[in-house]
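Each structure below appears as structure tokens.
You will see subunit A twice below: alongside subunit B first, and alongside subunit C after that.
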Partner chain A sequence: MSDPTPTNPSSPREYKEGFHDDIKAVKSVPKGLSHDVVDYMCDTKSEPDWMREFRHRSLDLFLKQDVPAWMPGLRDEFNYDEFTYYVSPVEKSARKWEDVPEEIRRTYDKLGIAKEEQKLLGGLGAQIDSEMAYHNIQESLSKKGIIFLSCDEGLKQYPEIFREHFAKNIPPEDNKFAALNSAFWSGGSFVYIPKSVKCDVPLSVYFRINAEQFGQFERTLIICEDDSFCHYVEGCSAPIYTTNSLHAAVVEIYVKERARCRYTTIQNWSTDVYNLVTKRSLISAKGVMEWVDGNLGSKRTVKYPSCYMIGEGAHGEVLSLASADKGMWQDAGAKLVFLAPNCSGRINSKSISGHGGRSSYRGLVQVAKNATNCRAQVNCDALILDPRSRSDTYPTMEVNGDLATVEHEATVSSVSDEQLFYLTSRGIKKEDAVSMIVNGFIEPVVKELPMEFAVEINRLIGLQMEGSVG
Partner chain B sequence: MNLDAQRKLAWQTYQRLPLPSRRDVDWQRFDLRALNLDAIEQRPQSLRVTLNSAPGVTLAPLTDHPQLGRAIAADEPNKFAALTSALWRHGALLHVPANHKTCRPLEIIYEFTGDNAAAFPRTLVVLESGAEATIAQKFVGTGTGIHASLTEVFVNEGAKLHYVSHQNLAPGALDFTLKRAHVARDAEIDWVVGMFGGALTRYDVECVMDGEGGTSFMYGLGVGDNRRQIAQFTRQHHRVGNTTSDLLFKNVLRDRAATNYSGVIKVEKNANGTNAYQSNKNLVLDKTVQCDTRPVLEIESNQLRCTHGATVGRLDDNQLYYLRTRGLDDTTARNVLIEAFLAPVLDRIQIESVRNEFAELIHRKVVR
Partner chain C sequence: MNDKFEIIDLHARIEEREILRGLTLTVPKGEVHAIMGPNGSGKSTLANAIMGNPKYEVTGGEIRLKGESILGLSTDERARKGLFLAFQYPCEVPGVRTANFLRLACNARAGKELDTMQFYDKLEEKMKVLDIDEKFVRRYLNEGFSGGEKKRNEVLQMMMLEPEFAVLDETDSGLDIDALKIVCEGVNKLRGPNIGILIITHYERMLRYIAPDHIHILVEGRIAKSGGPELAAHLEQHGYDWITKDK
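Take a look at the complex of A and B:
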């Protein structure tokens, strides 16, 4: 565990990723959403006809669908025609870091991304706006047959595998924002782990929005064949503008029999970004899916990583950490859907609201009629740091038939005076004491993160914490 | 607002609000085809009211009263509450004067009769400051059709109310109930609600914590058999701080029954020192049933502690095995465990005769 050293008081949190670089767009389209934009994207990406049809159909679906009624507020918050739906600062994705245009490299150097590749990653992707500027995988891994490409390259190089899985898990009919992504998707990763291959070093992608009033729609497709393993890590950030941006990703994961997949997200968008993401995994017999979902930024996050257990004995797990600071509403949660017997699932959610932020846990546990002997356990803990902040818990459990055990537990509380008193009586400064208590609170999630990310989370939470409890 | 004006406004509210449908998240699990509200205002109202009072308190048929409609307004956004407010003909008023303590249980019995009929029982309970009372309220009868009831409770400063209510209507009745208690400073309400009958029953049970030091204990028990559909909506509304609410709703389901529990703890800004707990536990006895639970917390205050929990489960094999090794046969062992599951709610009933009545109903309906 890293040392929870607090930094200088700065209340609320300082967003150090908020800088903006002048990066010239090589390709871009006019503002607003239209079928012309779809055609332009298909042409520049020289996509097959079925994809063109798919995109057009998705756009029609998007225009027809409503924002779900339970998503409060999103209906009129922004005008879809304010955004630019495709901006590409690069001609093509580079395999070598040196080939990445210098100005983009500078951005990533500031974010400290490239350094990390040598240290701990098996593969790295870097997306800026609509396109992947860089995508590379270690040779030892590609020799094992592991494929790690941008999603667009995946479509070009492996059309059969791609088409077999693409949008089969999350079709554009699923929800409005999945339809939006399906129409304008660009970038994201295509990961294929062959049978019995274990990818023991994480594959990582960093998403950056640089353009203003922009919509980023990356699409990730991960296929873990029988008995394989992979760990995928994503991070993201954006500059601070006075206008809004939109990030609507779709992540589809297939965990085949006895395979295991872990997907870690550290979401640190600036408070201009609406982050509306659909993430879903289909888990076959005895497969294991683990989502580790950290939400630390964005204006509004709407994201519920889901595990659909379709094979006997599958296991799904979601660790969720949300920290809502000033100007944020983290509507995060998880879904466990049991469709086969003898499956198990667990959700562990921790949220912190401070400086007027709002965090909501929204979750669903659903047990189908024939899914006998399933067990689900949900734990939600929320910490609320000041009287301006708000915390909600909206869990739903639907059980059909017997032979299932579903449990849910949640608590909402403040930093307890007793704990504070104990620590301060040992000579620890009040601020440090609060920071220690909060770090202890999130520890069960943080300890599941790769070391570097754990340090980063502690730093970010530490910053949010400063001077917040009176 | 006088009674006529209330009725008029309520009728407008009723007409304005849409019929519940399966598109509505609260109703999506329920079969509402049997619901028929055509010419509801002309339907014969057949309800017999029996009141058993005690010396020193007023327990009388309900007429206009200044407190009426203050907890449940005529424009309450609830179609069935509005319907009752507009059309009620029968009701009971219980008034306990300040500092008066009655130990004898006061009884209010509504008996619903008739075919394809309607009944709108309305109850108003006012405990003045420092008063103490125990009430048993029952909704029974062989009537079929619409049964919608309202119960408004005011527990004033330092008063203490023990309130047990249950519903055992005929299988042809559709029941819609709203109960709301306002709990003042240092007052306490301790209520137990039983849902045993009807084809469909919707219970809204709410406490509004209006004064510091107020306490509300809410216990509920739903018995689902014979395709019964039970919808429970609870609300613990902490308007001011230093208030406590505790809630436990338990359901047992078998024979194609469906339950949908949905409960909210709402803590308003600056209601510091709130202590709220909410728990919904469901015991599922066979695979023909459907059980949903949605416990919600909405917290806007930071010096507090709120906890909730929900479970859906079946009888524990280990416990069954243990009982069988002690010589109990399988059926008896199961019955013991079902009764043990419901015991924490039954134990809260302080009136022995009512507790026995609950136990008897449970025995008849879910214990085999």
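Take a look at the complex of A and C:
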């Protein structure tokens, strides 16, 4: 289509979270990864010996393992010794907002987190660099026995529950970046929902990287006992630097019998951040796990939230949304692993690539031999906004169980000239029309989000779409 | 005041094919004109050229709205000036709710944010005229709509946007007789001194319900004949052959 309107590819992504504040580190280590850094972290966190051994072993595993061959480019893209592996701007995590150091509160003010605190949904955590600056839960929820702490506090206060679950779902052997996280983990959340307790308001955590050339390795452990429910929501952002940062989180979730857990992520890192995350849930009989995974930022994301259905009749679901703008590569997707009979799972993935961005869907559906009568449905749709942008699909299916039903549907589309002509013929400006089409494309995922997140996503996508179609 | 819509010696092409070859036509406000013509005579090209579809290139001539040339304007600017096209094949926009779309379109046309309550009151009223179920506007724009629903939606948009000049491109196609009557009733409600309407159609059946003031016959990219409503009946009896032969 020939069009007289010139495009404006120079400023594709407006990123209002890209500011940097001067926040003095209370504790930090020299650049580079070493066993000394591990020892320093264990000492400063007063950790038990088993954790010290675990961290050292994990570092050895990390150094031994290669980046998997299917993670193209990540082998040589950066030097691990350029990063700082532990930076703490706080002495300890505050339980009152007033106790958070003022300079950090200012950062959270700008990000709108302070306002969230006033509402205090169910619980709120705010991590800056390596540590949680703030972590608190409504009294009514803690009275029900719900535990919502930083992961470090979880280890201190509930050592038995912690040790029983920690790294049992994602051991450091799992992959190179899980090993890296296991060696240097700090912060993240520890969530425990007792039997039959419903946590009916979301527990929300915000992750902020402020330091430059820094590695953030939060670790989250969520345990939903039988018949319980919880919704955990996380968001994140970072300043724009000329150098790279690394974010390698590990999230382990245990959904016990008939429990339900929903985990919502709105990832909006700056385009300096390598976001290499391992997320996995183990779902017991008749349990339900729902991942809602929104990836709007980062330089590179490598993340496939996984559902391992280990009990009969378990259900796993992943709604994945990725937007790859200029200089970004979203390698997102999902895994459904059926290990018991009569389970079901669904993956619904939507990706948008614009301004030369690249998005990939990488998915796995695996049905074990004994997992009979399982049902999996995969839909992945890609929207490509211009010829410079790219989208790929890498679906893998391994079906060994009998009577399995596996459906896979994939579409690739662009914003069509017909749609643009139709919408503009009603007086709607072209950029608004594009934004409308794109928001319509992701609607099936966005409508699953809490209201305020849906609004935020629509706003962010709208910003990214400005000037994106010629 | 120059209250008319003028097409003067219009030449237009799609890809390398010239389709319109000197078409001239004037529709004053308050009148309804119909353009009839055989397949391939240039009816759809005319509709697209008027609305500024970038796929169609105007190579000569002029289109004026109230004395002002609109050829240099983009499609959305033309719409905001009060031009409207009811599409022959309205396209689907998945995930965009019809009501939300209509609201944005009405705001764009008005140049300001309209009161939400007033908008919905008006929408409800127009939907009643067109016998549209209230669930309809909560559905995604044209997605999974039947042919008749799509055309009703076009007329609904026209009624909501209140254009000064409207082009209806084969709005009768794909409609059964009941739907056709309802759609025509909608158009008749809109008809009046503040709007000029150009109906593009292959058949005269729509014209039975909307009596046009003038009828023009389009052949090979030009108006071959103009006349009163009697032309339609003549065409119905004799087809287009007598005009092509006349030449």
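Quick note on the criterion: the second predicted complex is superposed on the first by the 456 of 470 C-alpha atoms of A that agree within 3 Å, B and C clash if a C-alpha of one lies under 4 Å from a C-alpha of the other, contacts with A are read in each partner's own complex, and residues count from 1 in each chain.
Criterion: a contact is a pair of C-beta atoms (placed from the backbone, for glycine too) under 8 Å apart; a residue touches a chain by one contact, two chains touch by 3 or more.
Since the model is a prediction, treat every value here as computed from it, not as a measurement.
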item	value
Touching partner for A:F441 - first (subunit B), second (subunit C), both, neither	second
First (subunit B), second (subunit C), both or neither touched by A:T243	neither
Subunit B versus subunit C as contact partner of A:A404, first or second or both or neither	first
First, second, both or neither for A:Q157, with subunit B first and subunit C second	neither
First, second, both or neither for A:S196, with subunit B first and subunit C second	neither
Contacts of A:Y422 with subunit B and subunit C, given as first, second, both or neither	second
Partner chain in contact with A:S140 - subunit B first, subunit C second, else both or neither	neither
Subunit B versus subunit C as contact partner of A:K369, first or second or both or neither	first
Subunit A to subunit C touching residues, read off their complex	1-5, 416-419, 421-430, 432-433, 436-437, 439-444
Residue ranges of subunit C touching subunit A (in the complex, touch as defined)	51, 53-55, 74-76, 78-80, 84-85, 87, 90-91, 93-96, 101, 104-105, 108-109, 140-141, 157, 161
Complex contact set, residues of subunit B against subunit A	25, 29, 269-270, 272, 282, 284-314
Partner subunit B, residues of subunit A touching it in the complex	69-70, 369, 372, 382, 384-387, 389-414
